[in-house]
Amino acid sequence: MAGKQLALPINRLESFSDGVIAIVITLMIFQIKIPAINENATASDVWNSLFTLLPSLVAYVLSFVMVGVLWVNHHQFFHQLKNIDRKLLWYNLHLLFWMCIIPIPTAFLGLHFQKPEATALYGFTMFMTAVAFAIMREYVHKSEHLLIDHLSNTLRKKLRRKLLMTVGLYFISIFTGYISIYIPISIFVLVIVMYFMPQNIVVEVAE
Amino acid sequence: MAGKQLALPINRLESFSDGVIAIVITLMIFQIKIPAINENATASDVWNSLFTLLPSLVAYVLSFVMVGVLWVNHHQFFHQLKNIDRKLLWYNLHLLFWMCIIPIPTAFLGLHFQKPEATALYGFTMFMTAVAFAIMREYVHKSEHLLIDHLSNTLRKKLRRKLLMTVGLYFISIFTGYISIYIPISIFVLVIVMYFMPQNIVVEVAE
Amino acid sequence: MAGKQLALPINRLESFSDGVIAIVITLMIFQIKIPAINENATASDVWNSLFTLLPSLVAYVLSFVMVGVLWVNHHQFFHQLKNIDRKLLWYNLHLLFWMCIIPIPTAFLGLHFQKPEATALYGFTMFMTAVAFAIMREYVHKSEHLLIDHLSNTLRKKLRRKLLMTVGLYFISIFTGYISIYIPISIFVLVIVMYFMPQNIVVEVAE
Amino acid sequence: MAGKQLALPINRLESFSDGVIAIVITLMIFQIKIPAINENATASDVWNSLFTLLPSLVAYVLSFVMVGVLWVNHHQFFHQLKNIDRKLLWYNLHLLFWMCIIPIPTAFLGLHFQKPEATALYGFTMFMTAVAFAIMREYVHKSEHLLIDHLSNTLRKKLRRKLLMTVGLYFISIFTGYISIYIPISIFVLVIVMYFMPQNIVVEVAE
């Protein structure tokens, strides 16, 4: 009864998480600095200096979609819960922490996309985000009282397998940039495609 | 039943979108940099250097109203829905993406409003925002199960026609700045007036 | 009936406004730039360079309280409504616009508090905020269908009188800085005290 | 009855506070500036310049956890209330004010963590945050009509004792950096541990 008052409602946790995610997704664009343009610059000067923003914009698009995927999965995850406890609160804050970090490697990737250090840093942050998600999911799968009842074992296994695959792919993305930066970048695109494929959506929701 | 758990409630989607829109509309002001003023500057020096902020402020007002119009229409749009699905989620993220981009051309327009490249960039971003909105509306009009029942065909046609007109006007605004920058700026003002006119409001809500 | 779907619920409007106000109140602190400090600076060097932040911090405190007062009054205002319409939506966006502007004169006041131009700019923004609030209140008092029923004429008069007094005080604050900057600053403090005084709170809520 | 309309619902206050806290926790990361890296820098150059961000990142982690602890306690506190009044509104704004300040000493600590002035500033801000929390709690404990009924005296005493201990520890952290910066840093970690220990959680919720 006195414990009742501790019980943070799920929707409060979701809406705080939504707030943080909305800020991360929106603020990354403000890291892109408009280049200074001379008053008597020609049209081609202007377009040239605008084109220098292109890698930063592409990095922004990448992170926008990544965070979008995380947001969709975050909601789906919390819709599978019927209760939350204090530990879950901190596992969620841990996930939000790594999501808050994303703007740093995004800006770095936009400025130095041809350097393997940039993809390594980006891959590492995404790896830690996926790990934080996996820790949270493992905790919930072990704490039966938090999960809704009709989540079958088959579905759980599929969800876990997909998440572990994501963790593994991000891990590989950290180091392979030293062979060619196109490997980690292909991995990032592959993960996005993996979460977009209708096949997988069916797998996740249907039983 | 298992699919039920996926169903993201409409108000959650709206409140996430509201968060992003609130950040975009508020943060644009923080892009305006206060000019450095000498301690022994005269009153006219101070006012002169403050007046250099005027184009940035006007660009801010323009984008504030533009985003305001989008916010009002975003809500009206979601009030016509009774369900959302995963595809709509991504169409909405696509729209939010272009809205997140708006601060970049706004800052650029404030700094270089006399350059046709600035109005072209601004017009292009607004064009893509309108296109993203149109894609989302088209999808919903084709997916009967998402729409509320009492939305008449006449109203649908009117809503589509108005949106297509907006898309067309923004398209023209991209290129006409090279003739005179007053053409795209008139177009931006015209679109705002179009969405403010009481006539249209009646058209949109009454049947 | 079709008009029903337009009806933006009050709490959605409030929560969007809350979002904007939360961002304004929080982001102003990020305009304060930490001074660069030499690695071998003495303790007194460090404190001296930190003390240069003091005017900016005081300006932040002032605006924090000002926005706090506005937030409290904004809620109180919307609690007196039973309906909102599209016009009110735009009157509210107009108010939010001036609140979004507040960070600019706040930063300027923090950097140049001894210049009458800084208090003039600050006073002007607060004046426009109060005017925007007054316009919104006047509109609502004229549109009986928006107001809750048990708002007596005496209370309305008192609310209007207080708001007009605020508008007047801010108007005076714009110009009196040229006599002495202590006049506008006293006015800002006076307005805050006016809204804090328990007397007035009773006046506002009891009938 | 007329007083009813003033009654700001608790969840509105919580959600505004959540908004401010979400912005504070997220925006601190944007204060970390990516170092400029030369195009033909070697791998070790890149890692060296990235390592200069480490103290700022550690300071960010510290403040992220601190604000996380505050967020958890803020919710727990408001779950013990059944009513709020105008005074509490301002006590809460006072607490939010000091939380909004946190990014300043965090950035300063990240840049100059070896200077006692940095830990003093950080400790002072955390001290004021704890004091603001204590003021709010004392007010509520004296105003019986705000508290839920089943909050026993034993629990109240424990909550008060823990909060006072936090206030005391932060007070010590302000000055002890001049002996060794490891003392205040240990104190900051100690406070976090204190709020993480399961023992304490039981104390707080069980009766």
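Letters A, B, C and D name the chains as they come in the text, with residue numbers starting at 1 for each one.
The rule we apply is simple: contacts are C-beta pairs under 8 Å (C-beta built on N, C-alpha and C of every residue); 3 or more make two chains touch, one makes a residue touch a chain.
These numbers come from a predicted model, not from an experiment.
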Same or different contact residues where chain D meets its copy chain C, judged by the half mark = different
Chain B and chain D: spacing of chain centres that average the CA atoms, whole Å = 37
Message = For chain A versus chain D, what separation do you get between their C-alpha means, in angstrom?
response = 26
Request  = Enumerate the residues of chain D that touch no fewer than two other chains.
outcome  = 15, 19, 23, 27, 30
Ask   = For this entry, which pairs of chains touch?
value = A-B, A-D, B-C, C-D
Request  = Could you please specify the touching residues of chain D with respect to chain A in the complex?
outcome  = 14-15, 18-19, 21-23, 25-27, 29-30, 32, 34, 37, 43, 46-47, 50, 53, 61, 64, 68, 71-72, 75-76, 79-80, 148, 150, 152, 155, 196, 201, 204-207
Query = Inside the complex, what are the residues of chain A that reach chain D?
reply = 1-3, 5-8, 12, 15-16, 19-20, 23-24, 27, 30-31, 86, 89-90, 93, 96-97, 100-101, 103-104, 107-108, 111-112, 115-117, 121
